[in-house]
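Next come two complexes built around chain A: one with chain B, the other with chain C.
The block that comes next holds the complex of A and B.
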């Protein structure tokens, strides 16, 4: 019920924003649209963060690097001349394997350790992965093509145009995937035995074990799923950036995704979706406002450098002060 | 007069824990901006400019002694209390600090952002930093009987890390001089640190803020404020900017302010409008690039001056191309005109086709036209070519200082030396009142079908 209300409020706010901006020259509407599209990618990564948090009560700082590694695997596969879809399969399988290794080699030994230890371990894992990327792929930027090119061979756009904003097919795919995954995961955690077992493990591991549920199996499932979500986000996002470099997902996506997850509620998968969209829109519209509005003779961006980041901070503060568990969060 | 005492405790942001005492009795430490601050309260006791120029000193004459690690220098300092290089004649320094000069070797230190902003092949730096000096050795040439050994450090596009790297090269590696290849904030921070310890600093042409008063600072190509009018001239004369919409996208770091202001003023003087002027955070990523690309496209900006990192430029160009928007990009040298940028930005959508950037050295593709020795010596890309060119300038500067090489003599001699000609970099000439030695630039153009830059015009001082 709460999910429906919050989502409805969000949609109404977006609608109002679009309505108000409709008549403004160089107005906010393309930027609201762009924010929704960017937010879809933040939401995808946030889904992985929330999944791990729901299952283990750990902030996973390695989530971004699952995506970067998947993008590198896709790049290497394409460079070997393999079809794109084969590259995607290689990227997904390779990243899942890394998720398995991470779970077995780093997370499992710390399964009974304080959560702060596991959190630090995920930071170490992220740094290790970034180091390996630099070592193997070096730091030169690489160009990764999208699943469907933004323009066809004749130079005509392949996507759609909304509010004078051409939207590439890759973005539409990302939005579709986010919607689908958000729905599937929400259903999984509320309706399936395995999903409920994952939640039970996060609440009381001892009681869960007494009930005959293997917490090791649950841990493995969570980390493999998180790696898979990260990989999907990387495959969809990196071709949009123009440059595949080491740590590209961590440096570009992880912080907004974390913020989105916190705004949405760290325990809510629909919240991750909503939070990601909120961050995307606030960032994009904040940046637009920084150049559009003036205070005296100066543009807002000159008076408040980084105005979009300040806006995100204010939104985060407002949400946490009024609802500390996030928009859709609750105790699992 | 500054005196260095024993090291003391350190506040966050303090980069030099060596205690410094001014003649007025104030004691403090050097922070990341090169200012002298109170270690307890953080209060600024003397600015970097005051420290560098000696204007903080109150006594006349006397001796200035600076000791950092093992390096030491002593110079008769009465006349050095004047701010900045003086226009008047002064006697040649006798003796001085020869740290970094041992036997037949001169050790120099270079810092550059291998990571953080300009993702460039690190192996190019590894090989390129030594290429010219090895060439000299192999062809039995020397710097007044000496060879040069290069120490290289990655500054990660971060001023604090740059100062730490420079400090390490000065104190531990005991280099004779420091060289900043790219990265405005890092160059400014390191140059100020170098000034505080009396080490010559040879630099890329970047900002002038806080640098023109440093007597140890030498820019070996045109600074951003000097390139501003040249770029405006290019836009108006060659690219038809007078009748088009023009814009600028820059990082909101204070060290880009003079480069921004110079270009905007020059555009206005040339009768061309600046219709879009956007500052963006140094940490901006793809999301910000998409928003800015959307703004540029919706406002119909045809010429875009980019004063941002190469990574952000690639993101901007790619996201703009995804919206079927490909403006004319222009900018200052040098990092955005590297082939590695063209190689990525051109591949998917030819997003920077015909982008034009000023550069201190010609495109690698044309290197044989300018210096055939470069490829013969094993040079294989433009980063190496840039390092080759800057090494040639530095070699001449070291030669100018004579066999009895000291830091003071190096500065003195190069203020009075004749024009430095390398065939790669435009001519460089310093004077005692002007340490900004650049006189011209090369104009590079992106040749996207071949994923590279080509030299459109060489040694150009106007269009």
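The block that comes next holds the complex of A and C.
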């Protein structure tokens, strides 16, 4: 119920923002639209973060690097002349394999260790993956083409135009994938026995064992799913940036996605979705405001460099002060 | 043939021995109780039986099978189910969801699961009244009821109940013991770990433990009449 209300309020706010923005010269509407699209990618990574947090009560610092690794695997596959869809399969399968190895080699031996140990282990895993990316693909930026090109062979833009802003097909795909995955995961955790068992494991691993449920199986499932979500986010996001570099997902996406997950409520999958979109819009509108408004004779972004990041932190602060468990999280 | 036979069982934590050659038998259809002071090894015994601690030595035979060192998953499927000390309900899941998790071995058989749920809530009607309430918001007594009902969901042949009266009022304790008696009379063998002398009224057999071994075995009623044992192990004066 709360999910529906909060989502409806945010949609109304978004609609009001667009209405007001329509009356402003050089208004924020293209930025709001772009923010929703960027928010879809933040939401995808946030879904992975929430999944691991729900299952293990740990923030997974390696979540971003699942995406970077997948993007590199896709890049290497395309460079070998393989079709794009084969590259996607290779990227997804390879990242899932890395998720399996990480779970078996690092996470499972720490299954009964304090959570802080697991947290530090995920940092080590992220650094290891970044090291491997540098070793194998070198540091120079690579270009990764999108699933559907932004312009067709005659130079006309593909996709749709909203508020005079052309939206690339890749962004529309990201939004569609986020909506679908959010729905599937919400169904999985509320309706299936396996989903319930994952939640139960996160709340009391000892009791889960008592019930005859293999917590190792649950752990494996969580990390493979997280790797898969990270890989999908990487494949969808990196072509939009134009540059594939080591740690690109950690440096560009992890922090906004984490902020989105916290705003949504760290244990809420719909919250991750909503939080990701909120962060995307806030960041984008902050960027617009930085160029649009002036203080004295200087633009806002000159007075406050990185004003869009400040805006995100202000929203985070406001949410945490008014509702510490996040917009859709449950009170502890 | 006994349903459960424990022979020369030894186990411990790290290098600290707790059980040192424990032996006892439980017949099918009995309610048995393990008594003893703190540190006697009662909880360690049921944890061993449920596969949550690997025994160092000895043998556990259940329903004619040597189940020593088996994984909890296999033991639950075989019919040995533990209701752990401290309840350990899943606090952020509803009562209905907690029970569904308890039926994990039968998760592919919805019809069967529904039938067991109905039977479990017959014992504890209060659970049905709070079906969609989160388990963490229940009172201690209600959580204990949920923990026992959840244990029943796996259709145990033997239900191991560890300290079910811990932290409960005398009235609630009596209710819990009465339900356990009913569960037993419906055909489930029960082994309880208790420090509450009231349990002896429903016990067919009682085992008294001290320092990891058995020091006394008899019928439940016998211990109630045995002033020395009652005073030494149950803290109840003659």
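The rule is short, and it goes like this: the second predicted complex is superposed on the first by the 330 of 332 C-alpha atoms of A that agree within 3 Å, B and C clash if a C-alpha of one lies under 4 Å from a C-alpha of the other, contacts with A are read in each partner's own complex, and residues count from 1 in each chain.
The rule is simple: a residue touches a chain if its C-beta (ideal position, glycine included) is under 8 Å from a C-beta of that chain, and two chains touch if they have at least 3 such contacts.
None of these values were measured; they are calculated from a predicted model.
**Q** Where does A:7 make contact in the superposed view: on chain B (first), on chain C (second), on both, or on neither?
**A** neither
**Q** Contact-wise, after the overlay, does A:242 reach chain B, chain C, both or neither (first, second, both, neither)?
**A** Only chain B is touched by A:242; chain C is not.
**Q** Which of the two partners, first being chain B and second being chain C, lies in contact with A:325: first, second, both, or neither?
**A** Touch status of A:325: no partner.
**Q** Looking at the overlay, does A:203 come into contact with chain B only (first), chain C only (second), both, or neither?
**A** Only chain C; A:203 stays clear of chain B.
**Q** Based on the superposed arrangement, let me know which partner A:193 touches: chain B (first), chain C (second), both, or neither?
**A** Only chain C; A:193 stays clear of chain B.
**Q** More residues of chain A in touch with chain C or with chain B?
**A** Looking at chain A, the partner in contact with more of its residues is B.
**Q** For A:302 in the superposed arrangement: first (chain B), second (chain C), both or neither?
**A** Only chain B; A:302 stays clear of chain C.
**Q** Flag every residue of chain B that touches chain A in the complex, lowest number first.
**A** Listed in rising order, the residues are 114-115, 119-123, 252, 277-281, 285-292, 294-295, 298-299, 311, 314-315, 317-319, 321-324, 340-341, 343-345, 347-349, 351.
**Q** Using the touch rule from the top, collect the residues of chain C that touch chain A in their complex.
**A** Touch residues, chain C against chain A: 50, 52, 72-73, 75-77, 81-82, 84, 88-93, 97, 100-102, 104-105, 107, 150, 154.
**Q** Where on chain A does chain C make contact in their complex?
**A** Residues 193, 196-197, 199-200, 203-204, 206-214, 267, 330 of chain A touch chain C in their complex.
**Q** For the complex, give me every residue of chain A touching chain B.
**A** Its residues touching chain B are 26, 30-31, 34, 38, 134, 138-143, 145-146, 149-151, 155, 157, 164-166, 168, 237, 239-243, 245, 251-252, 256, 280, 283-284, 287-288, 291, 299, 301-302, 305-306, 308-309.
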